[in-house]
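What follows are several structures.
Here chain A shows up in two complexes: once beside chain B, once beside chain C.
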Partner chain A sequence: MKETNDVILHMVTKVVVFIILTLAIYLFIAGHNQPGGGFISGLVLSSAFVLLYLSFDVETVNSGLPLNFVVVAAVGVFLSVTTGFLAIFNGKSFLTHTFTSKTFPLIGKTEMGTVTLFEAGVSLAVVGVVVTIILGISEDV
Partner chain B sequence: MLTINLAIFIPFLAAIFIPFINNRFKQTHIGWFILVVPVVLFIALLRFIPTIARGETYINSSQWIPSYGIEFTTYLDGLSMIFGLLITGIGSLVILYSIYYLSTKESLTHFYIYLLLFMGAMLGVIFSDNLMALYVFWELTSISSFLLIAFWYHRKQSRYGAKKSLLITVSGGFAMLASFIMIYAMTGTLSIREIASSIDSISDHALFIPALILLLIGAFTKSAQFPFHIWLPDAMEAPTPVSAYLHSATMVKAGIYLVARFTPIFGGGDLWFWLVSGVGIITLFVGSFFAVKQTDLKALLAYSTVSQLGMIMSMLGFGSAALHAGYSPKSVVYTQAVFAALFHLVNHSTFKGALFMVIGIIDLQMGTRDIRRLGGLISLMPVSFTIAMIGSFSMAGLPPFNGFLSKEMFFTSALNVSNLDIFSLNTWGTLFSVIAWGASVFTFVYCMIIVFKTFFGEYKGRHHENKQFEPPIGMLISPIILGLFVVGIFFFPNLVGKYLIYPALGHIFPSMTLQLDAYSITAWHGFNTELMMTIAIVLVGGFLYLTLHRWRGVYRLFPETRSFDAVYNHSLSGMEKGSAKLTKLYMTGFLRDYLVYIYLFLVAVTGGVFIYTGAFSFDLSQDSPVSSYEWIFVVIILTAGFAILFAKSRLTAILLNGVIGFSIAFFFVLFRAPDLALTQTIIETVTTVLFLLCFYFLPEWKKESSPPSSKITNMLISVAVGLIFIVIGLSVNSGNLFEQVSLFFEDADELAGGNNIVNAILGDFRAFDTMLEVVVLFIGGIGVYSILKLKKWKGEENIEGD
Partner chain C sequence: MSNLIVLPMVIPILIGIILIFLRPYIKIQRWVSVLSVIFSGGLGLYLLKQIQTNGILTLEFGEWKAPFGIVFVADSFSMLLVVTTSFVTLVCLLYAFATIGRALESMFFYSFVQFLIAGVNGSFLTGDLFNLFVCFEVMLVASYILVMIGGKKDQLRESIKYIAINVLSSWIFLVAIAYLYGTLGTLNMAHLAVRVSEVGQTPLLTTISILLLIVFSLKSGLLLYFWLPGSYSVPPTAVAALFGALLTKVGIYAMFRIFTLIFNHEPAITHTLIGVMAAVTLIIGSIGAIAYKDLRQIAAFNVVIAVGFIMVGLAVFSTVALEGSIYYLIHDMIVKALLFLLVGTMIALTGKNRLNQMSGLIRNYPVLGWLVFIVTLSLAGIPPFSGFLGKVLVGGAAVEKGNFVLLALAFISSLFVLYSLLRIFMNCFWGETILSIEDEPPLKKSWLIPSIILSVATFVLGVGAESIAVYVNDAAHTLMNPEIYIDAVLPDK
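After this line comes the complex of A and B, so read on.
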């Protein structure tokens, strides 16, 4: 993606990207009880990154965001596979999730479970793969 | 008791940490850290010896995939004990040796990760009670062996040897897998212990014979038995520690383990007896006969390993005769054959390991291991000479080394088999003793070649005044320890017999009560036939060695072009050409053709199955009424769909396609599936971006100019696909074959701790599916990435060099 000189797009992107990123994090956390979840938040995250890459050029984004997305995808896959093994050490079958709920001040009743780690892995894998593919094709121009 | 389960995983866990350790301690040879793993495991196993010797066993099981009944059960008994000690014991010595053999300039992290991978997999093979777990570990040993043989991958020969060993052992593994599935079909269990207890009911089953043969193919390929032995000599391209460890002491003995483990299940019939002992004895002879011809010391040792493995295999075959008629005082002599097999297995690991290490030293110090360029090393390397002599004389079956004991026991068992009157042995049985004797003569000859051609005669290397020929003492420790074992076992054989081998015997012949007294090993039996055979071997073998140059021409009768290697090479290149032809036939390079294949297959298979099973039945009367909103979106989708057909530019088509996608998202909203709607919306956005990116590469948007006949075919296919999907959708909705998922909705909070049923399904109830989907997505991503990256390298210099 070549450098563009579109001032309006740049300005809008700078603001919108943060909104999208917030939405992605919201969707990830909300996924527990409401619509959302790892897969969707991964897609939203990647659309934020794709928007960045579209409006600025690859070098600029890379200098501010030094991420190798192949590694991100690999970390995601590793995370979701290894959370499955956690249960084995507990003597349960592969991929059994455990969860507990605690009441925190300010936030209220919050549930915590290994499923969150699993979903985080899914999310990272989706971001990594989607951005890798899109960047790969765009660099090929 | 978690220890045995853990023992398998410790090497794998250690392998994960290798790169980090290596980065942290760059100065130290990483082998020192790795050495801890096998030593600790070895000591941990030693602690079990007293209880195992009492005949007790340890079982430890944890669930793996409970819904399919696959459990991860480990089982420690006498038989797996022997192998476990070999794997960890020889493993420790080999790693110690490799610290001096491989310099820090080599990519040590790769080497040790592969080696630990192998160690864990091999421990998995011998400790697994579940057949499927055994199979997975079995193939993992093949893969790690492949990686280790190709360690010096810049050499063409290494790559050739690695590929050959992988192809042969993995295809054997497939045969074994088929056999396991047949065993499961016969007995309904995957546990080896449970199978062994239900043997009587399966021996008449129609699948019994195929399962037996396929299992043996698996064992024979792994243990390099004739005619699958051809991979082992080529595997010698691996670094010497690997040859000593995988290709003489442990991995090639996995086949022996399998045969021993399955003797109580399959043994006792004539087919098992003839296949195991027949193939074993042929391998013994072929291996020793062709070993004499070799000029490369490692190739010579490879053939000798082939031959020794054949010897062990044949003894296991002899022993299975004991199961023919059940227990009787007469059958003790045949169980002694199995005892001898296991005893020789241990002995072989000691003397062959020592020999490999010495030859690695010679190779490293002299720069060659070709016997035509070696000689006179006795005065330069006295320690190495002593170890080589101990190893070779033990292999040749001379006292006072452990090989003498097991060789005599081998002759005893071969002579006993000749006296059997079952399996039509009274006509052919004598052949066993004759071949055994003949093969031992050649064994004697090549052992003499190792000692005398290398260490005696004229020194042929260049002269260096101050060169240190004997390697550093650390490199000699491992072969010296093995050499001490070779001598030590000769003097105290019953220690090994009582604590290691006798406990294993009870698990090979579970139906018999075996008295320990029958299995004492003595060096001196008086002047019996066995001793006469040994003396004759020394005389004839010595004569043959001295006249070697006169009868060497015999080997010209076996030209390379007619060997099994040539068969392998021809069939491999034939298969490559054939599959290339077949692939070119249908891989046209046109996306349209591929879509046609996919759709035709889909219509034929899914449509066919639905019609065949009569599942196309639906009842519209029960369906809820279609609301006006739904009608609006149906009209929008239809309009957009038809408009694509008449679009003048590609951009219009892409946008119209997007209209369809977003309308579907609205349907999800109408049907109250917010998760799906969200996903669909975002997917549409991302794919539209992708489409726009690909815009540059797509060909010109123009009217199709194909003949009307193909247009009609395409139309028929697309209409058929659409119809099939509509009908399937309607049929699925009206049928109610499975438990309804929505029932989980009420329990989602208790079972998975979340109220969003969709995510509870994705992340918890069907997490295994999600995990595999993520992995598939990742594989797809890597595929796209590497295709795009590889394109750039096209035309650059060839990275392969010799």
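After this line comes the complex of A and C, so read on.
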């Protein structure tokens, strides 16, 4: 089979991946008060990874991104469950979240909530699961 | 508020995740998973005592008040099942240590057992219908993986059916939940119960309840059991025992909860239907149990019969009948695990799975033979083993309510159970010895000990039924008087 020349695909991917990653982070932060959140940002993040896997091959991406996505998913769920546990030690119900406001230089007054950690866990779990599934399917073909 | 009641679900999840990180360390995985199960069981016992003094315990997740947020509710019924689940899982894990093999152990076997337990315990504890759906899914996804772990050809074949039927029933479950939410505007079980009793159980609501009945029948193998014998006979023995003991029981639990708490106003329709389904299940299960020669099929059809028998209690619908069902439910979880373990051990020893291919095993393996005899007596409901009390109570209640057809079927099915298992005993253990003493494969102690533990348990539960009588009475009392449950969840409704 002739080696295909995907210069354009590679170039576009290199740019687009960063746009997708930025969008994912935007969605993640927006999710605090607006539509968005950990689950969607996780899906968008994993679409960036899948695009990388599609345009380059699995070996190349794995050498640049040496992550075991099963472990990523596990870390995510672990993070989410343990933030739920924090409330128990605080004498509150399981999964109760708390927040404080702090003033930072440059950014100004910012709300910081433990729910962000919970959502980060959700995000990681989604990325881990989606990429694992897609890699699993691609291996069989 | 009692944070403790969420732990039987959350601890297994957490442990399951930690086991993923510990993938290469099989020894540590074993110990950690055993400790997790022991902890859940111990906690369950502690909470069971608490419930007797303090009444039903509830927990509102994230401090969201009851009808709006998700609640966990622990009454005696759920806690009894949580404790039994932990015990049975512990024994199945012990059996798995000896039999499951290194290859599966490093394929996250113990993690998925933990996730399965998390789903089962979560289903027992949740007080929210949608959360029940989620816990069911957690349990099912783990069970999909456990059915096909190892990836043998017949496992893959059966798992396709298993997954297809469960995806379908989950979809119907979701549709029923959507209907219920559309008509009543809530999914909190206690709140649903309040609203149903306020507006009356209209024909529309009864229809939705029948939709839910279909869903849980599919999950528990009540009448719609056709997927069960196949998918319970292919996985490794430890997994099959876990499935036979736990999975159908979750569906049974859900039916008990829904039809005593929420849809209890039209027993003439719903409970009669349950009675008919239970009757047909008993008949078909009995035929199936004596029709097959494959040991695992016989064991699987015994699961079906038990489901029919337990649902007779719900169909009769009185406090005594429910007590009997609860006793029988606990007994059945223990004894079905024992049956699957023994059958799996026999197949592993002889390499055959049909009863006419085995003969005279009692010469080689006397202990195994007597264990099979004990499980036969226990399943048939012969005292002093644990099946007796449940059968007597359900039978007595059926007489009181005049349900003689159900009574007759329930007890005739016991004879079929006895016959099907005696057939195993006589064919496989009596007769000419096919294995000479020299070439018999040695029966390791670690294969027998789990079965011995379970046999002792069925004996102790039969003789010492008095010791759990308090809890069972309370559980049945709460089921028959749903206002206790409602008051606990919605104190200021």
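The criterion applied here is as follows: the second predicted complex is superposed on the first by the 136 of 141 C-alpha atoms of A that agree within 3 Å, B and C clash if a C-alpha of one lies under 4 Å from a C-alpha of the other, contacts with A are read in each partner's own complex, and residues count from 1 in each chain.
Just so we're on the same page, a contact is a pair of C-beta atoms (placed from the backbone, for glycine too) under 8 Å apart; a residue touches a chain by one contact, two chains touch by 3 or more.
No experiment lies behind these values; they were computed from the predicted model shown.
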| item | value |
| --- | --- |
| Touch count on chain A, higher of chain B and chain C | B |
| Chain B versus chain C as contact partner of A:S47, first or second or both or neither | first |
| Touching partner for A:F99 - first (chain B), second (chain C), both, neither | first |
| Which of chain B and chain C A:V71 touches, first, second, both or neither | second |
| Contacts of A:V12 with chain B and chain C, given as first, second, both or neither | neither |
| First, second, both or neither for A:G128, with chain B first and chain C second | first |
| First, second, both or neither for A:F85, with chain B first and chain C second | second |
| Touching partner for A:F118 - first (chain B), second (chain C), both, neither | first |
| Doubly contacted chain A residues - partners chain C and chain B | 70, 74, 77, 81, 84, 88, 92-95, 97 |
| Residue ranges of chain A touching chain C (in the complex, touch as defined) | 70-71, 74, 77-78, 81-82, 84-85, 87-88, 92-97 |
| Chain C residues touching chain A - in the complex, by the definition given at the top | 1, 3, 6, 10, 13-14, 17-18, 20-21, 59-63 |
| In the complex, chain A residues that touch chain B | 27, 31-40, 43-44, 46-47, 50, 54, 70, 73-74, 76-77, 80-81, 84, 88, 91-95, 97, 99-101, 111, 113, 115, 118-119, 121-122, 125-126, 128-130, 132-134, 136-141 |
| For the chain B and chain A complex, residues of the former touching the latter | 62-66, 674-675, 678-679, 682-683, 685-686, 689-690, 693-694, 696-697, 752-756, 758-759, 762-764, 767-768, 770-771, 774-775, 777-778, 780-782, 784-785, 788-789, 791 |
